[in-house]
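Naming follows writing order (A, B, C and D), and every chain is counted from residue 1.
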Amino acid sequence: MTVAEMEDFLEREFPQIHEGGRIYHVEEIEYGRAVVRLETDDRHLRPGGTISGPTMMALADLSAYVVILAALGPVALAVTTNLNINFLRKPDPSGIHCECRLLKLGKRLAVVEAYVRSRSTEDLVAHATATYAIPPEAGG
Amino acid sequence: MTVAEMEDFLEREFPQIHEGGRIYHVEEIEYGRAVVRLETDDRHLRPGGTISGPTMMALADLSAYVVILAALGPVALAVTTNLNINFLRKPDPSGIHCECRLLKLGKRLAVVEAYVRSRSTEDLVAHATATYAIPPEAGG
Amino acid sequence: MTVAEMEDFLEREFPQIHEGGRIYHVEEIEYGRAVVRLETDDRHLRPGGTISGPTMMALADLSAYVVILAALGPVALAVTTNLNINFLRKPDPSGIHCECRLLKLGKRLAVVEAYVRSRSTEDLVAHATATYAIPPEAGG
Amino acid sequence: MTVAEMEDFLEREFPQIHEGGRIYHVEEIEYGRAVVRLETDDRHLRPGGTISGPTMMALADLSAYVVILAALGPVALAVTTNLNINFLRKPDPSGIHCECRLLKLGKRLAVVEAYVRSRSTEDLVAHATATYAIPPEAGG
């Protein structure tokens, strides 16, 4: 899938992620790798002008979905079964992007790792791993 | 802290969590245990009328903060360092609540576990553990 | 399965866990719950006379397998796909036991939580969650 | 610290890891990165001639300790507070090695990621992240 195909797919299948403003932008897709950018707005900020943990979790989860979808093709049904995230540094409010890589694409499970970085400094601000269950008909 | 004191504190320190509508409600607090309820709106739904993973992650993270705060007293500075969540069942859209329990309250780290349940069925829909770093001056 | 059937099964299928001395003892089994005790020996100790992290991880993993096996019946093929553990306190060398509970038993995945406690003080020393993949023919 | 200094340190501080035979070998150390190899023996095998999960967990935990120690200098007191591991493929019995990288070295916490690979095929067989608490006097 191309970046445009992915954005169309997300728009069609998950319009809710754009509720309250279009903040997620798929920037790069290749087999086994994807980059998704988040544009922060007030919803995502916390005292001291940092970006909230749940914002980083949501970005990591969406990015993991994107990298799996890009490898499997457009199946809407893969679901997160586990997500583990370590918060490393407080990002400034300039925004963050997430680079995801497939660690495993099996018939039943896909495992992804996600690096969340500050857009301004490129510092690593969080690291996550996520597991998705793959519907039988779509097995990689 | 009482439920009312906690809600006032969150309102004052984290007004952003109420952006787009007041959805989080602290329902119970006692030492080492707290319950926080989420009222779902369209932002939280996914195809098939289930509640999104990031919604459950955000509720677990906030609930963990509440149970730590209730034990430490109102210090705004505890920050999540790790969150691990297993998604167990798809919740219906009726809403979810999260029961959190302190597993450890140390001088530097607090560890919490969180049970996310459906409001309509009380089924366990997700289970999380979270670690918060405690600022030196507030050490439990 | 009874405690005796479980110990026979482990003996037959996983003789390696008893390499270097019989240290694991299944103490209780009921549907959705199991308790496994570890008798420590020098292999498990660390400076200051505490029990090593890997010893607690191995006990949590085995206990998770036991509780799943007890629910599914004797299928040797369930495999761990994820384990997350938080170390809470340093156990004294007197030994530890692990109480496991099923959080979910699905057709393809089982999720378990594990409480590792000191035998002498009953203090909670570690908490783990584990996910096992269930072979198709055995789906719960 | 050099590879030789690290092996001497482990020998002195953690003789127990060599109980039952010297199986861990530090292969590479540089700032922020370390590689530790495990030589398998019967203790580590499971039915079908694969290497057990706890063996991979123990290797990841030790490797994480090594990469932190290499950065902090020889302080015996860093302790694991969290370890999360995803098991990706069953390794053959030829042995495994673990490459660890520092994601964060803070004053109080260090976060590491670990790639466990088969020695024969170099396939990624497990991926872990670990958090260590750093004693105050040693803060990075």
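Definition applied: contacts are C-beta pairs under 8 Å (C-beta built on N, C-alpha and C of every residue); 3 or more make two chains touch, one makes a residue touch a chain.
These figures come from a predicted structure and were not determined experimentally.
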item	value
Pair sharing more residue contacts (C-beta pairs) when A-B is set against B-D	A-B
Chain at maximum distance from subunit A, centres defined as averaged CA atoms	C
For subunit B paired with subunit D, centre-to-centre distance based on mean C-alpha positions, whole Å	33
Distance between the centres, which are taken as Cα means, of subunit C and subunit B, whole angstrom	29
Centre-of-Cα separation between subunit B and subunit A, whole angstrom	22
Residues within subunit A bordering two or more other chains	81-82, 84, 86, 131
Residue ranges of subunit C in contact with subunit B within the complex	84, 86, 88-89, 103-104, 111, 113, 124, 127, 129, 131
Complex interface listing, subunit A residues touching subunit C	81-82, 84, 108-109, 131, 133
Subunit C contact footprint on subunit D (complex, rising order)	13-14, 16, 19-20, 42-47, 52-54, 57-58, 61-62, 76, 79-87, 90
